[in-house]
Amino acid sequence: MFFASDNTSAAHPKVMEALMLANDGYTPAYGADPFTDILTERVRELFNAPDALVYPMTSGTATNAALLAAMSPPWGVIYCHETAHIEVDERGAATFYAGGAKLRALPSLDSRLNAQTLSQAIAKDRAGHDIHAMPPAAVSLTNLTEYGEAYTPAHIETLVDCARLPLHMDGARFANAIASTGATPWEMTREMTTLSLGGTKNGAMTAELAILFDPDLKDAFESHRMRGGHNVSKARFISAQMLAWLEDDLWLDLATHANAMATRLADGLEERGAEMDYTVDGNMVFARLPLSLHRQAWSKGAVYHPWDAIDGVAPDTPVMARLVTSWSTSADDVDSLLEALE
Amino acid sequence: MFFASDNTSAAHPKVMEALMLANDGYTPAYGADPFTDILTERVRELFNAPDALVYPMTSGTATNAALLAAMSPPWGVIYCHETAHIEVDERGAATFYAGGAKLRALPSLDSRLNAQTLSQAIAKDRAGHDIHAMPPAAVSLTNLTEYGEAYTPAHIETLVDCARLPLHMDGARFANAIASTGATPWEMTREMTTLSLGGTKNGAMTAELAILFDPDLKDAFESHRMRGGHNVSKARFISAQMLAWLEDDLWLDLATHANAMATRLADGLEERGAEMDYTVDGNMVFARLPLSLHRQAWSKGAVYHPWDAIDGVAPDTPVMARLVTSWSTSADDVDSLLEALE
Amino acid sequence: MFFASDNTSAAHPKVMEALMLANDGYTPAYGADPFTDILTERVRELFNAPDALVYPMTSGTATNAALLAAMSPPWGVIYCHETAHIEVDERGAATFYAGGAKLRALPSLDSRLNAQTLSQAIAKDRAGHDIHAMPPAAVSLTNLTEYGEAYTPAHIETLVDCARLPLHMDGARFANAIASTGATPWEMTREMTTLSLGGTKNGAMTAELAILFDPDLKDAFESHRMRGGHNVSKARFISAQMLAWLEDDLWLDLATHANAMATRLADGLEERGAEMDYTVDGNMVFARLPLSLHRQAWSKGAVYHPWDAIDGVAPDTPVMARLVTSWSTSADDVDSLLEALE
Amino acid sequence: MFFASDNTSAAHPKVMEALMLANDGYTPAYGADPFTDILTERVRELFNAPDALVYPMTSGTATNAALLAAMSPPWGVIYCHETAHIEVDERGAATFYAGGAKLRALPSLDSRLNAQTLSQAIAKDRAGHDIHAMPPAAVSLTNLTEYGEAYTPAHIETLVDCARLPLHMDGARFANAIASTGATPWEMTREMTTLSLGGTKNGAMTAELAILFDPDLKDAFESHRMRGGHNVSKARFISAQMLAWLEDDLWLDLATHANAMATRLADGLEERGAEMDYTVDGNMVFARLPLSLHRQAWSKGAVYHPWDAIDGVAPDTPVMARLVTSWSTSADDVDSLLEALE
């Protein structure tokens, strides 16, 4: 009953197998190895992006930060949702890498950027007092969002129309978004300038990709990556993971499974009276149940995080919990949790 | 005949085996896993440092940079040798993390910091024009140095006496230094405030440790690490590597072997007339041989880097080459290379 | 009819006279001159702060930024109103000086920080996901606000109670706030850790003061000031201005006059049907009148800025204008403007 | 007998008179005033640079830092002499503004950059290990140097040939260099990308100019200037100083006088047995005399700084002193000092 986060799960056996196979003899360091070469070709095909540049990374936070730093001057504004990982969970990494750029965190009724809110925020910054103001530089959207909702290509289209700015996608759970929406990687990213493609939360051991659809960002991105300490020396071990992850659509199979487990969980919770504030599009469920019920589940060994403060809260208060499934969640796990919550 | 770098070699089988064993079920993320707990205890014992804080890392560059940033204000001076990795090979990472701190790169007759030169440099900065000048903040020394020489505890003692500043050791090849000098880890680091302990170049897949002997640096270090994107989520996979690496002195056995291979290589090269500018204390050999001889070896498949410019150089010019051995270098590899250089 | 800004006005004759008198012979540079010494004593008395440190500055933006950088780590959150100068008009200076700190810009119904909103924002950040989140560091409030409203000591008290964080006051128009509220400088700042005290907008030529009520910030502040290029060499010329400005309460007389002119203007505008969104506490009036009326006044030579977009706006649309008075605004100026708006 | 620094002297009466005249009525802020417009035209003519952009500044340190930040990426190398003000006296301002750029401080036998040393340093950086190394970005030279020596256009030509990088000139004492060499401003700067033109040390109250000979740097420079807090609001008061300073070649007359006083002083000192390590090209004299003689002069009221440590030094040790003349130094001042040193 481990639903604390998808980064608490193990790596998929095929990923580990690929690591073992890659662990053979000598290869050039810093991405000049054949694994990274092949991976680059594979990613270009998948995204229908023959000029894309592809970099193996060990951290989603750094992938986001170095990409955004390549997209914004130190005095630029980067728009994101107020729940975005870059805003909430990275201790200011994007601002640090970008030398001072501002994250403009925007609210909405759900966890996706709202086109009108975005449009107004950009317009307000554009109307700023010339050199005194910080000019709009880029938009970052998270797909899946941090609350488990997916952007469809149609959603994205509305943002593109109003923003007219370079777009970055934080795809720490990109696989879940693709599995959820049925869009192709190309459809989901054709308006993007850059993509953080996450493997770690979906079956990889530790592997992310930074993808530059605009190759003009090469020098700036590589410089930010290097001085952030993210130019991995034994890059073959990251690339090998991602090759296995992409092979035969393993990444999508794993995400499809994780999503299905989340749906099964959400259905069960709703039967138990849980209120959901967010649509369960992917592998995350945010459910409000009385605190007493949560305590009961925790006492039975369920592992997941309350997303509200619970100190001094009355037992019958509905408390939101975050429950995350992964490629390794089984139907039995879900059912046991549901039982523990009865 | 792969002598390009120790980071082109594979990981040791025992490290890979440990990864496989660690890949089982769920563990808390971000270092709250049992592997990291046990590793911390193990490191504290090894260094006789019961209060030390230990952090699994994926990058030596970032380990150096985040440690130094915790040791210097944005306006501080960090002293290092002019050949140090932080000076030459990290695109300014330490300055970036530290918010502007200056690296004061010092020359010497070998590749180690010279006590007198260091002492004078610090004195000069201390005599600076008060708030206009940048005050001394820390000293970073690299052991093994980037040219394969080792500091003994006695060397370090002389630096401590003159510096009276917090000391950082870049131990990307710490194991080789320990194997070379016979000093214990404690003897080698008892004057250090922090240590970057490298595994990647000596048998790990991708694993380094940041060690804080001064626990007061905790908040600053963790903050720099986090916003650099180096708070590894699936930390168990780094810690598991380092546990296997430390177990039964595997790390020392591997380094001892690599060092022996370098000695074998150096001896053979000297027989062939090579000039050595640096003592071969560890696993790196810098040898001057005529360019024609290098070209001959390269044509026979030897892989290593010239460390001098070779464009337009006459065939009989002595050209310095860097040759690096590793845990996986065999005596046959060495002998084949020597043959190719005959 | 010059109401564009208080920084478009000249300096007061007594300030210029003091400059002339100070321009005599040699004095030590960088604030070691007798003018700065006497000024420090004068400021300490005025604020009843015997340990305060006082620095002559040439820029309000830099004063804010260097003070806040001394109060926040690079990963801290600084709370301010969404209309604050540091948020809107300094191109990210505070984030730049502080090495990445986040400005958390908060809305309210007026232009002052709302205690409840502030309290909730701080609580939310404190509840953040430990090292992933940016911790609360400081609060900055602007008095007068950028929309001409004053905080009284009572207002400030409510913020202190909820924030429990070091406080900075941006007092670019501090004199107007004191003149408006009748509070003493001590009453207005006794809860402050630092103050940016502005002279430039109220009769000085170019002169601001950075005041540290907490002398422990000395080293950090002086370092940020120095590397920002704000350690003025001929400091006597700034200090001499401020001495003249403070002498015989000239600063308060000038602010009282400017405030009175604004009240006279506001009264006249209200008679003409203007709507006011903000209380006119000081020397700034924000008035909505039909665009046609503004155009009429501009055509008659009135100089002031529309604060709304006016491109493509219908003539009868109420458009907000910002009108700023200063020490040099005369009653005739005000009356002429009112006439032009009839 | 005030020879401590040229920034301890007063402003020239004509500068103060101009300030008084400028203090009349209202002008737009932030450089949109007629004084700045006229100044820009005047500077363009003087430097034969019709496209140059000209910015009034209050700080030489900030002028240097913001210009260099516009000329280098955060990972660039800026070459300068090891005695340069940006290296020694600005607490890392250029690195701070440029977001991490490295100052590569080069030695030479005098205080000017040596072409061969510069050439080798650039070549070494260019040969660096690709993305790991910091690439050459710009060269900054100081004219007069911090030790009072002048670059002639011929000196500069040799640097240009070897550097092939954008050049910045720190002209805090540009007037003295022009007066010394007889070169025209155009001859001295035609290879420059940017110039910091100092008035403060040569008769202005507080006034410097940032000059961009390459107008493409506009956005970057203005952004760095703004967020450094150097977009002066009442810019007319800086521009008015510089207009008076340039009028009828006042700036050159003042510098010529200061230089002559230094020569008179140097001649006298040499008669008294002083050793000079640097050529006296401008208004600074560095003279070695026995400590006892210095102490005698100080006891008679002479004010100047020892440039060597003097604690615990024997009375007959030759100690280097820095003696700076200015526009306001009289021949009597010089002669009195020489007497005091007999």
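Letters A, B, C and D mark the chains in the order given here, with residues in each chain numbered from 1 onward.
Here is the rule we use: contacts are C-beta pairs under 8 Å (C-beta built on N, C-alpha and C of every residue); 3 or more make two chains touch, one makes a residue touch a chain.
This structure is a prediction, so every number in the text was calculated from the model and none was measured.
Of the two chain pairs shown, A-B and A-C, the one joined by more C-beta contacts is A-B.
By residue number, more than half of the contact pairs of B-C reappear in one of the listed pairs A-D, C-D or B-D, namely A-D. The chain with its C-alpha centre at the largest distance from the centre of chain A is D. One inter-chain figure worth recording: chain A and chain D are separated by 51 Å, centre to centre, where each centre is the mean of the chain's CA atoms. In this assembly, the C-alpha centroid of chain A lies 33 Å from the C-alpha centroid of chain B. Mean C-alpha position of chain A lies 42 Å from that of chain C.
Listed for chain C are residues 74-75, 90-92, 96, 99-100, 131-132, 223, 226-227, 231, each touching two or more other chains.
Note for the complex: chain A touches chain D at residues 30, 73-75, 99-100, 131-132, 220, 222-223, 226-227, 231. The touching residues of chain D, when paired with chain B in their complex, are 74-75, 88-92, 95-96, 99-103, 127-129, 131-134, 309.
Across the complex, chain A is touched by residues 2, 4-5, 7-11, 16, 19-20, 23-29, 58-66, 90-93, 96, 200, 205-206, 223, 226-234, 237-238, 303 of chain B.
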